[in-house]
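Following this line, the structures themselves.
Shared chain: subunit A. Partners: subunit B in the first complex, subunit C in the second.
Up next, the complex of A and B:
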């Protein structure tokens, strides 16, 4: 079963408590940004994320999605920082007003790697964690059920909303709306947005009634169908990862590594 | 089980009453159909039984609605939802939107009520079995057909074990095959002794299922009786409700002397077969 990004599986990584994976994503990201060594994020990617992804067996979707999300960002960073880095002094090449400097390239590489590690960390979490289990774990950790509802509903409603938009678009096309070419597509937005929003607003009241009828307004302490397993080993691992992230921040603040 | 005593209701944005004054009582275990033209007050009545009026919709409610002896207006909604379940018209809107499988969707109401996990699992498995939707348990609620989604919507209410289930046009967006699935599920509820209030346009299937039918017109209760009495009433077309095709055919036949005078007009197929059979044998007698 695939829900948004989640790839089902029975690997040890899939069985981990979502909080452990969330702490790992946060710790790896924090460390990547805190350690001021250019290639530190790459080391984190190769030593932490890649083995974890391989153990989870999600390497194909991981590589595809990471490339899809990070390539445009990396390209823009290299174009801007590589060619127009204001503090660059070691000129490697010049193209009119643009100057390629080694400092600019290093800065672009570091920023790109940090962003790739951040994207990769959270992609790893999303690919190996069922959203329902993630939300249950978050509620167990004290997240408000209402916040959890909003996040989960957003994840679920987006595809449903997209399907409704397609239906409205098809209905408009059947009535002669031309959507070929960029300009016509932009012009077609107005007749699309109107029925889409009005239809959604009309549904809103019925949905609110249905949710109340299902005790959403209850003030009782909520329970959860989904059992989220945890272990003392994972609790220790979370503690260590948290400590590692804090250490990285301290190292950065004190300027221990340059 | 359900009592309406001089109940009138106006929505917050309108001066005119959408319902009432109406008074009636529905005993426990009865299947009560509600029909009427658009704007006749059917959905308002359904909302009032379920307590959404006045708890969610606001507006002006006078008179008293009681369910299981408890006045709906002063009973907290969280207590009421375990007594009365409401299934809305569009099954898509009944889905929480926050759950990723049918099993989790069924658990939504129970989680809100703080039911413990073992009890939740028991109830969910029971409802999956009762509605014969075990095969859908691990699928996304949004990847189901309309009929399947409506069964999940009904299940999401049944899992809370209400004694009354109110359904507001549950088959209006379904194809005939899906509607049959839903009526099959409702028949099972009836056999389990659940009181059902069913707002429905599919007259023939309603006539088959209901013990009693209420007809509303402009917010007033104008007919109240057995499906046979109501659906053969000559007033029906003036109220914007059609009779069944069997009644219409027999009425036309009766105008031409082809329906036996000794037989009442039919509502359902077996009565029609019997009557037309008798009519034809009279016609062909030398």
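Up next, the complex of A and C:
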């Protein structure tokens, strides 16, 4: 079930510095949430994200994943806030306890669009950027190598851990563990979880010693084997995107657009 | 030689970054509660933005502070703990139980290595899930950090020595976690982030005249304590079953005798104060 979102490719978007794409994702999300105009996130989606995705050539997985993640939430938002919005005053229709208000629909539309943009901008980042490259770019910018190690190692451990869970489950089933029916499955969770956790924690000591022997605990600044490409154009682009996001926040705080 | 960009961040000492991060989170929450963002026009506008930006900034500060002062054995614990969160979280989701159990690993790290490490493990866990399974978990990094921070603090004061106090710790963690995550559920996700049952319950609460934030908080206060009690109990039973040698490798466990007096001989006699 773990999906590494990354789709390898050779497009100009793939070759961008990961920090640029991260700044873009953050700036687009912030701007979408900062501008209190309902259709603003839609504009951001169509003007910024869709062209970037098309250039990267990842439109098919992008559309599929965005729909997968946002459709259920959008549906629930419209059902929940369209029918039961607590602060609605302009009643459009009433069905028993449910009242459709224009404020509720407005809120549902605004929140849904913002969510779609938030999920969309991070999906764009993750589909076009390998997590490992993102991490090394972040370490170059001063993030602790510990953090980079934790995230990279987790992405590698999860499949092994899942295989181990399968093995434990099979071993318990071979001893007669019944996993049919909800109540039995709940009871089966305990003999599954115990050996799984104990086994994986017992491995830790060796790994720590091995890493310590390879100077993992060293506090000096490390050099990187693979230098992440950057350009002055991207540096300016990051500055501009940051400035745009800050402007949007200032506009929001001052309440200019309302 | 690339110029470090986060100079302001890295110049602060680690404890100051953790404290600043916690302060940002608390101020964000207090402001969201105090202002009661219910303007009839553009509802949820700045509240959603503030919840996102404030909580994100706080989590980043906490991660950056906590991660820079960890020992290697704690760092190797992190990937395993996050994997435990992810895999058990998925197992439980498939089984259709009304709990998440996606913070067992966070509690493990917090009890073994202290509140700061626990907070970082929680936040990084949410970020990893956001990067691999569902980007929707990214805004909830602050909740996971709170869970780790509290679990570590409770372990520090000896609540992880016996089962009844572990249950108490779980309830308290659940209450705070439910309250902290409410603004995200309400303002960022429009109260529609969770399962269908959760949303139906929130709808009922809204019909009875609760505001969105109140509905999300009540839902969290009911669902989260149960989840966190079970998570803490599982983490506790795993830790108790570990060989004492493994547990005592962590200086946090030794200094504060987190599991009671495990092996008196293994405890270093003095300097417990000097080390901190």
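We take it that the second predicted complex is superposed on the first by the 254 of 258 C-alpha atoms of A that agree within 3 Å, B and C clash if a C-alpha of one lies under 4 Å from a C-alpha of the other, contacts with A are read in each partner's own complex, and residues count from 1 in each chain.
Everything that follows uses one rule, which is that contacts are C-beta pairs under 8 Å (C-beta built on N, C-alpha and C of every residue); 3 or more make two chains touch, one makes a residue touch a chain.
Given the structure is predicted, the values throughout are model-derived calculations rather than measurements.
Visitor: Quick one: on subunit A, after the overlay, do subunit B and subunit C clash, or do they fit? Just give me the call.
Guide: They fit: once the shared chain is superposed, the two partners occupy separate space.
Visitor: After lining up the shared chain so the two structures overlap, which partner does A:7 touch, if you call subunit B first and subunit C second: first, second, both or neither?
Guide: neither
Visitor: Have a look at where A:131 lands relative to subunit B and subunit C in the superposition and call it first, second, both or neither.
Guide: both
Visitor: After superposition on the shared chain, which partner residues are touched by A:217: those of subunit B (first), subunit C (second), both, or neither?
Guide: both
Visitor: Residues of subunit A touched: more by subunit B or subunit C?
Guide: After superposition, C is the partner touching more of subunit A.
Visitor: Considering only the touch criterion stated at the top, classify A:225 as touching first (subunit B), second (subunit C), both, or neither.
Guide: first
Visitor: Is A:34 touching the first partner subunit B, the second partner subunit C, both, or neither of them?
Guide: A:34 sits against subunit C, while subunit B stays out of touch.
Visitor: Which of the two partners, first being subunit B and second being subunit C, lies in contact with A:207: first, second, both, or neither?
Guide: both
Visitor: Once chain A of both complexes is superposed, is A:20 in touch with subunit B (first), subunit C (second), both, or neither?
Guide: Once the two structures are laid over each other on A, A:20 reaches no partner at all.
Visitor: Examine A:83 and indicate which partner it touches, taking first as subunit B and second as subunit C; both and neither are also allowed.
Guide: A:83: touches subunit C, not subunit B.
Visitor: With the two structures laid over each other on chain A, which partner does A:149 touch: subunit B (first), subunit C (second), both, or neither?
Guide: both
Visitor: Note down the smallest distance between any C-alpha of subunit B and any C-alpha of subunit C in the overlay, whole angstrom.
Guide: Nearest C-alpha atoms of the two chains are 6 Å apart.
Visitor: Across the two complexes, find the residues of subunit A that touch subunit B and also touch subunit C.
Guide: After superposing on chain A, subunit A residues 1, 3, 131, 149, 153, 157, 203, 207-208, 211-212, 216-217 contact both subunit B and subunit C.
Visitor: Using the touch definition up top, name the residues of subunit A that touch subunit B in the complex.
Guide: Touch residues, subunit A against subunit B: 1, 3, 130-132, 135, 148-149, 152-153, 156-157, 159-160, 203, 206-227.
Visitor: Sort out for me which residues of subunit A touch subunit C in the complex.
Guide: Interface residues on subunit A, with respect to subunit C: 1-5, 29-30, 33-34, 36, 69, 73-74, 76-77, 79-81, 83-87, 89, 97-98, 103, 106-108, 110-112, 114-115, 118-119, 122-123, 126, 131, 140-144, 146-147, 149-151, 153-155, 157-158, 161-162, 165, 182, 185-186, 189, 192-194, 196-198, 200-205, 207-208, 211-212, 216-217, 249, 252-253, 258.
Visitor: What part of subunit B is in contact with subunit A in the complex they form?
Guide: These residues of subunit B touch subunit A: 47, 50, 52, 55-57, 77-78, 81-82, 85-86, 88-90, 92-94, 96-101, 103-104, 107-117, 120-121, 124, 138-140, 142, 156-157, 160.
Visitor: Spell out the part of subunit C that touches subunit A in their complex, as residue ranges.
Guide: Within the complex, subunit C touches subunit A at residues 2, 4-7, 9-10, 38, 40-46, 48-49, 52-53, 63-64, 67-68, 70-73, 75-80, 82-84, 86-88, 90-92, 95-97, 104, 108, 124, 127-128, 130-136, 138-139, 188-193, 196, 199, 202-203, 206-207, 209-212, 215, 234, 237-238, 241-243, 246, 249.
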